[in-house]
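Worksheet for the structure shown next.
The letters A, B, C, D and E name the chains in turn, as written, and every chain counts its residues from 1.
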Amino acid sequence: MGAEGNVLVSVPPKEHMAPLPVRVLKSHRELADTWTLELDSGPLGAKFAPGQFNMLYVFGVGEIPVSISGDPLNTSRWIHTIRSVGLASAALCATKSGEMVGVRGPYGTCWPMEAAEGNDLLFVCGGLGLAPLRPAILTALRLRERYGRIAVLVGAREPTALLFEKELHVWRGRFDVQVEVTVDSAGRGWFGEVGWVTRLIDHVRFDTDFTYAMVCGPEIMMRLAARDLVERGVAAENVFLSLERNMKCAIALCGHCQYGTTLLCRDGAVLPYSRVASWLGIREL
Amino acid sequence: MKDLSEIIASHPFFSGLDSNYVDLITGCARNVKFSAGDVIAREGQPSTEFYVLRHGRVAVEINAPARAPLVLRTASEGEVVGWSWIFPPHRWQFDISAVTLVRALAFDGKCLRAKCDADPKLGYDMMRRFAQVAASQLQATRLQLLDLYGGRG
Amino acid sequence: MSDKTRRIDVNYLARVEGEGAFHLVLRGSEVVDAKLRIYEPPRFFEAFLRGRDFREAPDITARICGICPVAYQMSAVHAMEDAAGVKIGGPLRELRRLLYCGEWIESHTLHVAMLHAPDFLGYESAIHMAKDHPDVVSRALALKKVGNEIVALVGGREIHPINVKVGGFYRVPSRNELRALIPRLEKAFAEAITLGQWVSTFDFPDFSFDYEFVSLRHPTEYPFNEGRIVSNRGLDIAVADYEKHFQEQHVAHSNALHSVRVGAGPYHVGPLARFALNSDKLPTHLKDFAKNAGVWPVCTNPFKSIVVRAIEVIYACDEALRIVRSYEEPDGPAVSVDPVDAEGFACTEAPRGSLYHRYRLDKGGLITDARIVPPTSQNQKTIEDDLRRLVPTMPTDNDELLQWRCEQAVRNYDPCISCATHFLRMNVVRQ
Amino acid sequence: MKNPEASIPATHPSPYFVRFDIEGLKRLIETLKQEGYEVLGPTVRDGAIVIEPIESVSQLPCGVGDEQSGGRYRLTQRSDRSRFGYAVGPTSWKRFLFPPNRLLWRATQHERGFSVETPPVDSQRRAFVGVRGCDLAAIRIQDRVFCGGANPDPDYVSRRKQTFIVAVECGSPVQTCFCTSMGTGPAIGDGFDIRLTEIPDGENPYYLGLAGSEYGAQLLSQIDAIQVNESEFAERNAILASAAAQITRHLDPDHARAVILENPEHSRWDEVASRCLTCGNCTQVCPTCFCSTVDDVTDLTTGVAERSRRWDSCFTMEHSHVHGGAVRRSPRSRYRQWLSHKLGSWWEQFGTAGCSGCGRCIVWCPVGIDLTEEVAYLATKRDAPPEDAP
Amino acid sequence: MAAAKPKLAVWKFASCDGCQLTLLDCEDELLSLTHHIHIANFLEASREVVPGPYDLSLVEGSITTNHDAERIQKIRQSSRFLVTIGACATSGGIQALKNYADTDEFIRYVYASPGYIKTLSTSTPISSHVTVDYELRGCPISKTQLLEVINAFLTKRRPAIPDQSVCMDCKAKGTVCVMVSKGTACLGPITHSGCGALCPSYDRGCFGCYGPQGSANTTGLSARLKSVGLTDDQLVRVFRTFNAAAPAFHDAGLAHERQNETN
């Protein structure tokens, strides 16, 4: 038929844009405005790499990208931690167990867990940024022997906005991982740190020649954290960030998530600082 | 037990300080200890000292009526608290309290000022160290004010 | 209760276009005061038309009324062409009639089925009526839709069409585009007859009055865009003489000023007037229909205006079919009309009655003076008089019924307050 | 994606290279229709040459030429009866492979959830008649976008496979063309089923047809045609050489790529933003721009939710919308995004430039902004270092 | 079931009624819509007035009197969502032309008894008076967009109504650009889409009835319009039609007025 020879694909592709309706198994409120949904991953299972995201759809309301915050070993359910900020995320947060949402994914690049083996690991998380890093932290803790020192640095707005607080306590209880938490402001009852998250970098020891840092949080925080880390001697190619732009298709067809020369849904969202450093300073990129 | 000047020389805040100056300022220093909850300084009180933290954490707080004191920042081992000793009117701008058991070096501001006045090179060195602390704290404060952690969905 | 003064206040007159109210003051069965009040805020079209280009008038005046924008556009273009001495004939003239047919079908059906019929059957609205008469309402909506389709095709869109231009149109439809309407128009024609038959069966109050009917009259056609202004009391004038014969007058019992015929008093424009003065121009089948419906050749019962409106819907479907079937594409979508230093007049037949426009232009084509008289302001005095005459015929002990019937009497005129407000020289009363 | 063959015509006529006249073209179109193809070709409508379904050769423009410049397009009368004597018009072929609107799926609510159905992909056979070198290159650029990744677009793939391409080499470029810079024309090397070269020849133009696929050869064999001779072949080369010589606009893609990415803060972006209307016309007429967005709609009365896709543009504020607002708020940043994507980052993303040199973005920009001019400016007049600033 | 239906109210201020008529023009959808929503207050269609609060209020028209300025406050208080419909409600409408004139002179010109007329000297959009949840553009609004807004608000999603230029629709439709191919003055590039790029498909330049798009570069377009022969005087009128008081058009109108005076 016709110019078939020119077309690069021979197998009829499926409609990747259609969500798979799945049942919400559990909905759990994490914070005042943040919920964790556990979704039945169905027969295909929740196979993903730490750092990847899914597109979640609420019937009639819309679809948004949400990073996967579950343990990669648990393939029976998709776990997503969502903050209610817009109409779609609010609708997702409002779903009850037993209801259905649409899922498609996983998409995007992942945290460099394998490349980082043999190195010290620094996880720098701001706010909800802990959610996309959680699968990486869980993986690192499970494969603890493959890494050097591990530190989890967490910044939050205030003590009540601290995500996964119980889990942070559990991690902190281990002797082989350092967990440091700071908040922007706190009352008297808070016995932890108050201050900007990158200050925590000074509190941990790591070998700058053998350190991988994985940073996730608001773009300003990631930019400054990455700069601090590089100033302290960590190689820019070993510092990884998870960036965010508008996303509609998540399969590199719609052009919305362009950042610098990349399409974030395909080339990101996790990218090395060495690749994005020059773009981070450009306004309105 | 370590000699006071050794402690000063090995503290990150004084790293690189000329050993003559270490000896010179040791005369203004003393070891102090606070228990968790102790008030180290009160807003408005004369600021006669500053603290170089050796262990534990202190909170810089502000008191507001009808609400619990707000912690503006914390400082831990390796950091320094207090720069009101440098500038008139030498009063604390905030409350300082110990969050944990705190061990620190307390420096007598008047004593150190006199030494700095006498030796402007020392004065310049001290001013630089405190200016850097002030600048980084100011920057961090600005970022905290941005209330950045919204919106990542 | 005979001598006690009572007030019937309908503060928000429903199922009319725009915001109006009426107030009756009664002493026994005597009407002391009857006022149709308009609290719709003024919008000053005539004022801001000054200084605008004459080619802008059709688009700007359309915004006077979203219900009958075509009427405003038609009066505006004809007045401008009158000023320029240009006369549009052939297919362009036919297309203008067709566009008007669309508006009549749309606007009349809206009024007949959705706004007025519920009065006769005792419903709050057509939506309530649809619960018991779903078929009638949905068929009427389908009929109305065909009217809108004509306006959308010829005019570009249903409300505030964009295709009407001084000199013709911006683009004319192809023969095929128009012919595609035929099946739907044929169906609409049949639906219009059904609707007309249905409304003819309503119970009508026994109420009539010997009005002075005023409308356009054209030598050969049921009037839309052209003709002389005539009345059943012998008036027969050119459109340009309108202001010599009609003016606002202060009446003692009302704060409002009303349009009256000089030396004659209040008059009646709209379907009843058009029908009374032009029924001879209707095709035979419609004459027969009118006879069967009991309105031939003149109907003086304003409550039966619903029947006459329905007849005009049938006529509009019929006329639209004729135009669509015989349409030949014109040589160009418009003839050129150059700016002139002149005055132009036009009167066309809006669904609610005669709509008069006058413009004075300067040599650059800018409007220096504008005068617009919409049908509802012409009918206002007659509406109040109807209320005054109606009340004594009603039982005085049932205010609810009285109110309902009075509202219905106002709705007999399909008043368009949005139009009226901008031109009525009257007191605006606020609650 | 430079195609070296495109600019260097073969030296000898190929054995599948035949000559036929307008009757042959007529027969070709008839055959395609008989074979079930919707034939899309150039035709005159509303003062322009647009691409629409055509029934016969008579709907092709005859003796019509064009003048195009920044923000201006006019048809002209040619002295001959050429059917393809003009440059590309406002329509690009992308609308037939990547339609402006498409339903992606429909979800229906039921008792305990919802189910999702996808409409079938488009399976209409279409023949594109009159594809120019620049547009053929543009199709190949979009092929890489829509078919080249891990998740190809099923509708595009289906449409593309059902497309039969009759390319026509360009003998009448306009002053906005720069295909020679992009290596995409005026001659055409490959990527077609049939390639035509129109020799105007006064009242009776004739065509040199080359098959590029077996099916193309099969169709050509069905029309009354004779082998192309050396002189006709020389005529073709002369026409193409003359066309190439008429193209005066230039853009060095490699240089452009570097210059744009190196100058994100150039003051020229502000200057162009003062003229740019952010209307998005350039992106919509561009044969390679592929941005789309989705609309989620629901119908209260039926309980059905739909998602459809429509053409988007990086010139809209919503294009870069994230929670909290748009990233690219200023017109400056949006123009920069477009140009740096088109000529710069496209390379990283898809291995080619995003521009085929058709010039539509220049012509159909209401204010005539010219990307070649902007690139040239960025290249030669870099911002002076701040200390030299007045 | 009936009690659970969301309540819709339609309100009118200074306007032509065309935008609310759009609801009655939804001939195919109106009756099925009433099965799912309760049209609780819509005077143009029904005598029945169900008291508030209302789930969704559609507001037509602009504020031109003190009475209306008070009335809109009450409507806001009784509405969960308030959506303004049409150019009058979103930008002041054509009657905002009086903002650029002497209102007293306007009153004297139109009305015989000027003393009776009580009006503000301005026509202002609803959003100048109360918080508005969504502004639906157009003079008049589009039927499909009205249905979309009603559906969106009642299902709590964002209306699928893009803020983009008319050109985007024009190109999607395949209409040939009248400005580029014929030199016709057209406001399409700076006008908000929604009409379906109607005028250019009728061989006419857009005249801006949906008001300015989100980033309307009026200066850039004016330069182009001058090149096709428009004068400052004409440009004042170009920007001062149905959305004269929308900020971008307002500024452009004033700019050309000033230039016209200097000329």
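What we mean here is this: a contact is a pair of C-beta atoms (placed from the backbone, for glycine too) under 8 Å apart; a residue touches a chain by one contact, two chains touch by 3 or more.
Every value quoted in this text rests on a predicted model; they were computed, and no experiment measured them.
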item	value
Smallest number of contact steps required from chain B to reach chain C	3
If a chain touches chain D and chain E alike, it appears here	A
Chain whose Cα centroid lies nearest the overall Cα centroid	E
Interface with more contacting C-beta pairs, comparing A-D to A-E	A-D
Distance from chain D to chain A - Cα centre to Cα centre, in angstrom	39
Averaged-CA centre spacing for the pair chain D and chain B, given as whole angstrom	67
Chain centre separation in whole Å, for chain E relative to chain A (CA means)	43
Centre distance in Å when chain C and chain E are each reduced to the mean of their C-alpha atoms	25
Sites on chain A at which at least two other chains make contact	60-62, 85-86, 89, 244
Chain D: positions in contact with at least two other chains	293, 296, 298, 322-323, 329
Shared-contact residues (touching 2 or more other chains) in chain E	155, 157, 203
Contacting residues of chain D [partner chain E, same complex]	45-48, 50, 71-74, 90-91, 95, 100-101, 274-281, 284-285, 293, 295-301, 310-311, 313, 316-318, 329, 331, 363-364, 366-367
Chain E residues within the chain D interface of the complex	29, 32-33, 35-37, 148, 150-152, 154-155, 157, 160, 162-165, 167-168, 171-177, 179-183, 186, 188-190, 203, 213-217, 219-221, 223-224
Residue ranges of chain B touching chain A (in the complex, touch as defined)	57, 59-61, 67-74, 76, 78, 99-100, 139-141, 143-144, 146-153
In the complex with chain E, residue positions of chain A that touch it	60-62, 87-88, 90-91
In the complex, chain A residues that touch chain B	64-66, 82-83, 85-86, 89, 126-129, 131, 155-157, 161, 182, 184-196, 198-199, 202-203, 216-218, 220-221, 224, 244
